[in-house]
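First subunit A sits with subunit B, and in the next complex the same chain sits with subunit C.
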Partner chain A sequence: MAAIGLPKTAEMNGGQKLAMKYFTVAIALFGAQVLFGMLAGLQYLNPDFLFGILDFSVNRTLHVNAMVVWLLFGFIGSVYWLLEDEAGVPIVGLGLANLIFWVFTLAVVVVVLVYLLVQVGPGEQSSIWLINEGREYIEAPRWADIGIVVCVLAFFYNVAATFMKGKFTNIGGVLVMDLVALAGIYLAGMYYTPNISMDQHWWWWVIHLWVEATWEVLVGCLMAYGLIKTMGVRRKIVETWLYIEVALMFGSGILGLGHHYFWIGTPEYWFTIGGFFSALEPIPLVAMVVHAVFDAGHHKLKSTNNPALAWIIAQAFGNFFGAGVWGFMHTLPQINLYTHGTQWTASHGHLAFFGAYATMVIAFLYIALQKWRGNVYMSGELIGAWKWKWAIFLLHAGMITMVMAMLISGYEQSQIERAIGGSDWMAYFAGQSHRWFMQGMFWRQIGGWVFTAGFVLLAWDLMTIGKRETRPALTVAAETAAA
Partner chain B sequence: MSETHTQALWWASESFWRKMAIWVTAGSFVVLIFLTFDTVKQITAGTKRVPAYANALNHRIDYVFDEQRNFQVPVIGVEEPLFGKILTEEEAEALVSHGKLTTQAKNCMACHTLLGNGSYYAPDLTKSWLDQTWGSSAAREQAMVDFLMHPELAAHNSLGRRMPNLGITEDEARATVAFLKWMSSIDTNGFPANFKPIDQTDAAPVAAPAAVPAPAVEPASAQP
Partner chain C sequence: MLEPVKLADFFTVFFSAASVIMFGATYALLFAWSRIGNRPRLMPLAYAAYVGLFASVIVLALAANLFNNTFWSVIVLLMLAGYLLAPHAIWHLCVGTHADKHDSAPIKVFQQR
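Up next is the complex of A and B:
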């Protein structure tokens, strides 16, 4: 009791101690994502900046890869966090899990160093095995792919074995099935073909079926757990909602894959299938908003952990707007012909990844830190609450500024370069040098600075939140759950 | 009271939605698998949508408007071998593969887009073989090789954006050009739309007579 506000790892279970390690790396990589994103953004404004030293391609690769890996670390950490709590037994294979954490982290460091220092290789198989696979988001060289699969299999073993030994809650069941799909799909990205159409076809299996299907279900599980923890929402309600979300998410998302098959050489029937099912993709996201907001209202926003609840609500809206609305805006082939591969896509990508995934991992960081500080008070009138409030505000203000700026550049690009110019190189540069485009890039950078400030404040807050508190956490959760 | 009432609603029950989740997921996945078999068949090299490597490299690639489909489609034209050499299918595939590996090893997609996928800092490469930037189609092959080997020397645009020197060798550059030529022959359902391809009618390898009418045209078009 006396130790409230001080780090208390001794009271956390094995999975939770491990989760803290994953979260620490996740935040460091989040910082790397912001840093390299800022450098890449500056190169739009001043192309000579770091030219020949850290070219745009290097910064951009690090920007998107840091994102994928920090979110993965965040997800893995979150699952380890809830594992023993959900299953009701100590984690199975904790020693292996700890070893895998260090292997995974070391592999990430090596990959990043190679990206930074080696950058490119000769046009041979050895380059894609050792340096860079050159395929967006999954640039990691093949040796690292194999390493990732091994790590994920070990992670899967921990999760499945722990649930099997303890009790399989509905959240646990969905989680295990989802991890099977998540790991299996990654294999689709691990092969080489000279045929670019075939390459892109399977590449989308990884990218789409991760971010528009299995990752969404994973955050659905995390949200279900988060709502139980922060507000004491009845398990039966969140688990029923979870199944509704799975049905709608996979029902729309699996065949929604077709919206990536309009222009890569794949047959014309994907126009209909991809257009139709991807138009349905926002529906589960609406369900998640309704679910989260209804529960929050039902519990009169009374929670054991206000910052976590705020980020969960942010997730519901961010997912709906970023993935749902921004995705739907350009998903039908009639518009996508002009927006495919423009800043429009970048605008959607930023809001969706931040809104759907970054938010949920941050919510879990706050849930974890509360316990780490000895189950400290984190409800209203929290000492030093301005930090988390300003962090969430600055991160959103910065993100929305970036997203709107890129959207305007995207409008201009799809008009000038695509519709009028005909998409050749002259048209591309006519679009890129247009004043409206450059204004968008300028404001994107301003948004980037605001976001960076938000990130710094967030990192500071994560290190200090609850430090000066002596009150124990509210117990609103247990009371309502019993009802 | 309301508790029991909620229990009675089958469509709001956990067990109903669990079954829905399983059936919908399984059903969607089965449909996807069937479609995947068909799609993979249609995008294998050597089919109508994705031409064989040698067929593309040994012939001219046109990009013409198809009235029936209402968009531009690539058409394999007269014999016009890349770098003047007719290739067998094995040789062509090896060359394209070397080019594809080069685009991966140099991480082209971290600035450019291929088939519209990648990054947005540099132009899309889907139809770059057909781009008017290369000037005359007769000089195109060498112009592309020279550019790939020393891109940092070329002033590309008013923005000052340049492609860095990625240490591309002459062999890699020629292979990359082969890859780009082959990629331009893929039927991408009209993407990119409204594209105005390079004039290839003067591309006959016999260059000598073509030099005579060329200057005569330019002053005429410059007069008004």
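Up next is the complex of A and C:
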């Protein structure tokens, strides 16, 4: 028997080997997100910094796009990780899956290089196709858009065909249906119309529905699998709850889209729809607190993988505060009129994306690494545990500092720029140059440095965790086996 | 239909909206903890948290001018009912989904005795 703690790639199935590639790129892109975010933050404090070399618009684009893509790589990797385990058969079309991984990675590299090398120029049909589509958050040129859809369709084929050949678990069923939406809704972002209201209408389908519906469901599937693996929760319970949570999420989340339609020129009935669902959207989150306490009471938080469980718990809190508290503070149209698009929104976006998605992908990385190291011990008194503990602390401390700082800047903007200044051009600059805004940006940068330190520690821990362990993983999965 | 928030009420709106969610979570937490741990004395605290939520919703509704319109007044009532009943509904789902697990084990859930 090979020694515990050393990489056991040969003992992993094809999907898991592929998943490790996706995870590697995901962490590299996470690093890129942090780097470009830090540079953009510095440009808030010193607008001349890197002017003409690496413009703010490009930094911001790279910061946001890197986040979208690293999470996507993390999600895809996580699904490939669990696929053979869930379906009970080898992945159908593994060769295609490997090819798609390299195509996708190469495409991301090319898009990033083009962003960096062609920062200014005329906006023409050719630039939309080859350089930058110009839609905020989904700036990827049209060829890359098509490439993303092709990659997701190939991914869908791998997942659906594997489940069809093997056994279709409930997690598998929800996952397959979700991937249809993942590929389909992205198409809405490729629809071009010169009417800005119509353009924004469809653009929000990608930004809201892609992220707040399909990603949430994907995370629900990963969470279900993660709870089975780390806490030994019975499959029947987890899968029942997956259906309940999907119903709650779709019930309030799909038409919650309406709160993005308040100010883009869509008909007035969106105030009614958006206001109604925005007011009721947090209720499922509050209700889920009950379920969390119920499960914690039954399972006494025994875990085979403490870092993964810690990040799963962080996901529950992050989702609650980022999406629930930070969202509801400014979601009603009576106040959203003043906060929409200010640093307030950025504060909500940072906490919600980190809390709901980044935490879950990191949890999955630890689940994967445990097996990669030969199903190594990762419970209490793990050797070198200080690294993951300090990483989770620094990442959260940095994120909370950034979020609070942006909240103060956003509060100032909503008052000075929006309510007092009336949102005109001069008011915009009055808001941007106010000392409260600048102090918020300064503290945001401090938080960014702390977050960066946490990221470095996280990357180091991911490379080394379990390396010096000789103990095998604890087994608390008796319930799962019996179910 | 919409009456924007007055400048002087900005902080009240932000704070009361955050309080709605925080009191909602506290209510849900104490409610579930009381039942899972068979600690009935926590239940009054849970309902005290709901009273905090109720007050927060009313303050939010007044500051955001929600009572000036029938539609928004109905939403306020739905929020109050939703936050009150959701923990009860989810608790029943929890008990239901874990039911067969406890067929042979003593049930710790005090309201089912």
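Operating definition for what follows: the second predicted complex is superposed on the first by the 463 of 483 C-alpha atoms of A that agree within 3 Å, B and C clash if a C-alpha of one lies under 4 Å from a C-alpha of the other, contacts with A are read in each partner's own complex, and residues count from 1 in each chain.
What we mean here is this: a residue touches a chain if its C-beta (ideal position, glycine included) is under 8 Å from a C-beta of that chain, and two chains touch if they have at least 3 such contacts.
Owing to the predicted nature of the structure, the values given are computational and were not obtained by experimental measurement.
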| item | value |
| --- | --- |
| Which superposed partner A:Phe294 touches (first subunit B, second subunit C, both, neither) | second |
| Touched subunit A residues, subunit B compared with subunit C | B |
| First, second, both or neither for A:Glu268, with subunit B first and subunit C second | both |
| Touching partner for A:Arg435 - first (subunit B), second (subunit C), both, neither | neither |
| Partner chain(s) touched by A:Leu337 [first = subunit B, second = subunit C, both, neither] | both |
| Residues of subunit A contacting subunit B in one complex and subunit C in the other | 236, 240, 244, 268, 271, 337-338, 419-420 |
| Subunit A-facing residues of subunit C, complex | 1-5, 7, 10, 13-14, 17-18, 20-22, 24-25, 27-29, 31-33, 36-37, 64-66, 71-72, 75, 78-79, 82-83, 86-87, 89-91, 93-94, 97-98, 101, 108 |
| Parts of subunit A lying in touch with subunit C, wherever the complex brings them together | 234, 236-237, 240-241, 244, 268, 271-272, 275-276, 279-280, 282-291, 293-295, 297-298, 320, 324-325, 328-335, 337-338, 411, 414-415, 419-420 |
| Residues of subunit A defined as touching subunit B within the complex | 40, 43-44, 46-48, 51-52, 55-58, 60-61, 119-125, 127-128, 131-136, 139, 170, 174, 192, 194-201, 203, 236, 239-240, 243-244, 246-247, 250-251, 254-255, 257, 261-271, 273, 337-338, 340-343, 345-346, 418-426, 428-429, 432-433 |
| Complex contacts: residues of subunit B adjacent to subunit A | 12-14, 17-18, 20-21, 24-25, 28-29, 31-32, 35, 38-40, 42-45, 49-50, 53, 93, 96-111, 113-121, 123-124, 127-128, 131-133, 152, 156-162, 164-169, 172, 175-176, 179, 183, 186-196 |
